[in-house]
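Look for subunit A in each of the two complexes below; its partner is subunit B in the first and subunit C in the second.
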Partner chain A sequence: MRNIGAIAKITFWEGLRSRLFFALFVIALLAFSGTYTLSYLFPRDVIKVAVDLSLGTTSLIGLILTLFLGTQLLAKDLEKRTIHMVLAKAVSRSEYVLGKFTGLSLMIICSVVLLGGFAALATWTVDRLTSDAYGVMHWPLFVLSLSTIMLMLILLVSIIFFFSSFVSSTFLALGLTSVVYLIGQSVEELKEFLTQGAEGLAVSPVFLKVVTVAYYIFPNLAALDFKTQAAHGLVVSPSTIIYAVLYAMLYTAIMISAAAWIFQRREFP
Partner chain B sequence: MESILFDDVTKVYGGHPAARGVAVERLSLAVPKGEVFGFLGPNGAGKSTSIKILLNLIFPTSGRALMLGRPVADEAVRKWVGYLPENPNWYDYLTPEELLWYGGSTSGMSRLHIKERAAGLLDLVDLTSVRRRRLKTFSKGMLQRAGVAFALINDPEVIVLDEPMSGLDPLGRKLMADLIRRLKEEGKTVFFSSHILHDVEDLCDRVGIIAKGRLRRVARLSDLLAVRSKGWTISVKDAPQVLRSRLADFEPDYSARGSFTEIRVPEKDLGKVMERLGSSQSEIVSVTPLRPTLEEVVLREIQQTDGNVG
Partner chain C sequence: MMSRTLLFPIVFGFLVIGECFVLGRVQVSRQGLLKESAEIQPLPAGVFKLIALDYRDVVADFVFSRVLSFYGGKLNRRESIDEETYRVIYNRLDIASELDPHFVDPYFLGEAVLAWAAGMPTEANALLDRGRRARTDDWNIPFFMGFNAFYFLHDNVRAAEYLMESSHRPASSPLVGLLAARLASKSGETETAIGFLEQMLTQTEDQSTREGLQRRIGALRGVAILEQAVKDYRAQFGRVPSVPEDLVRAGMLHEIPPDPYGGTFYITPEGRVWTTSDLRPVKS
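Right, the complex of A and B next:
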C-alpha cells in the first residue's frame, strides 16, 4: 500500500503542476463566465440551458484533461523510460499500475470538484437572477450528474491504462481511447435503434450481431450521462443510479486488472 | 554469497526467426560483495541488456540472474539496490527533494530517515541550493547528479551504474569517480558499464569484457594490463640529438618532453641501452614499463576471441 501511495503522490504532483492543467482551468473559467450571457439567448429555458452548458463544459474540459493528461502521464513514462527509475526501486509492476491509476484518479476527482464548483457557481448565479418562471434548478440531479461525469472520466483513465499496457506510442493510446469514448457514447443508442426503432429498415443480421457484441465489449458511457435529467429535472430511480455506479466500478476494475496483468509480463528495454 | 550472479543468461530479442537477435549469449558472471566491477565493451555489446536483466526490466530467455542471493524478479531485493541509468529521465515537474522522498518511501524508509539521508546526499552531489527547483530546469550534469542521489537514497548494498561517465564534463566525471571510490571504501558492491575505458582504469577491482553479447574475459585490471609489456620508456636529461649518436645502433623512438627526452626501447634492448646510457654519463630520470592501454587490451581480447570462434 505504501508503494501505491508513493507512486500516486508523485503522479498527482506531476499532473497538478503541468501547464495543461492550468490552461484547461483558464479555458473552463472563461466558458463558465459565459454561461450567464448564453443562457439568456434562450429566454424560455434559461435554467435548463445554464445547467446543460455548465455540465457540458465540465464534461468536455474533464474529457480533454483525462485524455491528454492521462496519456501524457502514463505513456510518457514508457516513451521516455521514466518507468526504469520507478521500477528500479522495490516496486512491483501491479503497484506501479495501481499507484499511477490512483494518482490520476485523484487528479480527476480534484478536477471535477473544482470544475463542478465553478459550474455550480455559474448555474447558481443564473438561478438567483432568474424568476422561477424560467425554470427550476434541481441540485441533487446536478450533483448526481457531476458524480457520474467523474466516474466516466475515471473509467476512461482505466482504458488509457489498458491500451498503454501494450502499445508504446502516446498518440496510439490517445487515439484508441478516443475511439472507445466515441463508441461508448453511442453504442447503446445504436443498439436500441436497431432492435426497437428500425422497423421497416432492412438491418443485416451480421451488423446487428456486431453492434450487440460491441455493446457488451465497449463501455456504455451513455449509462453514466445524467446531464439531460439534471437539465430537465427528470426523475432518476435509485436502481438506475446504483446500476450506473456499479457498472462503472466493475468496468474500471476489469480494465485496470487487465492492464496490471499485461504490465507484469511486459518488458521495458 | 555473491552480490550479483548471472547464471548462463541468454537474451534473444524478436519473436520472428528473421528478426531474432541475440543480445546476450550464455553470460555467467559472479561479482562478490565489496567489489567494484567494470563491465566493458563497445556500444551494442550487451552491457545495457545485462543491466536491464539485473533490474528485472527485461527477462532472460534462458538462465537466471540473482542479486544478493535472491532472484531479480523478487522486487523486495531492490530495497538494497541502487540504479543509475545511462540517461536518467525524470518527472519534469518534480523537485530533487520529492524524487528522493519517492526513492526512500518505496524502500521502506521512515520520513525522518529520508529527510536526513536526502540532506546528506544532496550536499554530496552539490544540489542542496536547488533542492526545491523543478527537474525540468536542470542541465544534463545536474540530472545525472540527482540520479546519483536517487540511486543512493536507500543506502544500497549493490549499486548498478549504466555508463555513469557518459556525457559528463571533466568535473562531473571526477565527482562520479570519487563517488565510486567512496562506495568501495564503504564496502559496497559497484557494478558499472562503460565504453570509455580511460574512466575505469583506476576504479575497478576486476573487469569483464563483453562484445557481441558474449563475455570474452574476466580479469583483475592489473593482470589485464600487465600482460606482454610492449617495452620500456626511459626519461633522460639530454637532447635527442645527443642521444641519437650514442644509441645509433639500437634505433629507438625518441620524443622531447621539455628538458627531458623519452626513449622507448623494446624489452630485449633495455639492458644494453641502460648500459650505454650509464657509460656515457647520461642522467636517467626514470625507467617505466610501456604498458598497452586498456583500449588496446580490450580490442585485442575481442579480436582474439572473435578469431577463436571464427
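Right, the complex of A and C next:
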C-alpha cells in the first residue's frame, strides 16, 4: 500500500510539472474567456451556449491531457528503462500499475476541478449579466456533468493502461485508445440508429450483430455525457446517474485488473 | 568543377518547372472532382449526430451560428435568396435541431425564415415538430405550428390541434386557448371547442378571463344548439333551412338562443351555423 502511494505521488507531480499540462491550461483559459463573447452571438439560448462552450472546452482539454499525458507518463518508464529500477526494489508489478493509475487519476481529478472551476466562472459571469429570459443556469446538473467528464477521463486512463500493458509503442497505445474513445462515444447512437430501423436503409443482420457485440465490449462513453442535460436543465433520474457512475467504475476496475494481470506476465527487454 | 556548380541550379530549375507543369495538370484533372463534390447532397442530420461525438451541443451551436451569420449577411446586403439557398438553410437548421433538439434558436429562426420569408410553411412545421416533441414546456413552438397551419396552410383542424396543445403548456397565454376554440368551431367542431373552453375555465382564476370564457362558451352553445336543429331539419325536410327562424317555425326549437356577443346567428347554404359577431363583441 505504501508503495502504491509513493508511486502515485511521483506520477502526480510528474504530470503537474509537464509542459503540456501548462500549455493546455493556457489554451483553456483563452477558450473560457471567449465564452462570454461567443454566447452573445446567439439570439435566445445564451446560457445554453455558454454551458455548451465551457463544458465542451473542459471535456476536450481533459481528453487531450489524458491521452497525451497518460501515454507519455507510462511509456517514459518503459522506454527509458527506469521501470527496471522501480521493479528491482521491493515493488510488485501490480503495485506499480495501481500506483501509476492512482497518480494519473489524481492528476485528472485535479485538472477537471481546475478546468471546471474556470468553466463555472465563465458561465457564472454570463449568467449574472443576462436576464432569465435567455435561459437559466442549472448548477447541480453542471456539477454532475463535470463529474461524469472526470469519470470518463479516468476510464480512458484505464484503457491506456490496458493497451500499454501489452503494446510496446507509445504511439500505438495512443492510437488504440483514441479509437476506443471514438467507438465508445458513438456505439450507443449507432446501435439505436440501426435497431430503430433507419428509413430506407437496409441493415444487414450481421452488421447489427457486430454493432451489438461492440456495444458490450467497448465502453459506452455516451452514458457519461450529461452536457445536454446541464445546458437545458433536463430531468435526470437518480438511477440513471447511479448506474452510469457504477458502470464507469466497474469498467475502469476491469481494465486496470486486466492491465495488472497482463503486466505481471510481461517480459521486459 | 564548373559543371558541378551549375548542376544544382539546373536540376532545381527543372524540378520547379516540372512541379508547376504537373500542378497545372492536377488542377485540370481535379476540376471534375470538385464539381462533383459541389453537387453532392448535404449530409443527413443523423450522420452529423454520429460524427459529432460528445460535442453535439457545441456542433449544433456552430452550425446554427453559421446559418445566422449567413442569413444576416444576406439581409444586410439586401441580396435575394433563391429557393435552393432556402433549402440549404432548412437543412442546416434541421441538422442543428437534430444535434440538440432542445436548442430553441433554430426553431425561432426557422419560423421567421422558412415560414415567412421562404414560403416553406410545411418545412417550417416539420422543423418545429421536433422542437414541439423535445421542448414539452414551451408553448411557443406549437403556437407557431398552429399559426403556420392556419395562416399559410389553411388547415384549421390542424391549427386548432396545435393551438390547443400550446394552450395546455405552462405560461401559455389564455388567448391561445380562445384562438384554438375559434378555429375548432369554424371547422365544424363546436363541441370540441366548448369542451376545451370549459376545461380552460376550470384552470382560470382571473375574473375577467373567466367572464370572457363564459361568454364564448355561451355563444358556442348557441351555435351547437342551432347546428343540432339544422341537422334534424335536414333529416326531416331534406334541405337546409335558410334562416334560423325556419327552425322555430318547423318546431325544432322553442326560440333562437341569443349571441352573448350581440351578433345574429345565420345559416350558410352548406348548413353551417355561425354568427355575425364572429365571436367578438359587436360595437353598438
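Couple of notes before you dig in:
Everything that follows uses one rule, which is that the second predicted complex is superposed on the first by the 266 of 269 C-alpha atoms of A that agree within 3 Å, B and C clash if a C-alpha of one lies under 4 Å from a C-alpha of the other, contacts with A are read in each partner's own complex, and residues count from 1 in each chain.
Methods note: contacts are C-beta pairs under 8 Å (C-beta built on N, C-alpha and C of every residue); 3 or more make two chains touch, one makes a residue touch a chain.
Because the structure is a prediction, the values reported are computed rather than measured.
Aligning the two structures on subunit A places subunit B and subunit C side by side, free of any clash. Panel annotation: after superposition on the shared chain A, the angle at the CA centre of subunit A between subunit B and subunit C (CA centres) reads 160 degrees, nearest 10. When both complexes are overlaid on chain A, the residue A:P205 reaches neither subunit B nor subunit C. Looking at the shared chain after the overlay, A:W13 reaches subunit B, while subunit C stays out of its contact range.
Of the two partner chains, subunit C is the only one that A:D45 touches; subunit B does not reach it. When the shared chain is aligned, subunit C comes close enough to touch A:L60, but subunit B does not. Of the two partner chains placed by the overlay, only subunit B lies in contact with A:H84; subunit C stays clear of it.
Of all Cα pairs spanning subunit B and subunit C in the superposition, the closest are 34 Å apart. Across the two superposed structures, the residue set of subunit A contacted by subunit B and also by subunit C is empty.
Looking at the complex, you find that subunit A touches subunit C at residues 41-45, 48-49, 52-53, 56, 59-60, 182, 185-186, 189-190, 193, 198, 221-222, 225, 227-228, 231-232, 234.
Only residues 46, 49-51, 53-58, 60-61, 64-65, 68-69, 100, 102-105, 108-109 of subunit C touch subunit A when the two sit together in their complex.
Of all the residues in subunit B, the ones that touch subunit A in their complex are 13, 49, 52, 55-59, 75-79, 81-83, 85, 88-94, 98, 101-103, 105-108, 134, 147, 150-151, 154.
Subunit A meets subunit B in the complex at residues 2-3, 5-7, 9-10, 13-14, 17-18, 80-82, 84-85, 87-92, 267-269.
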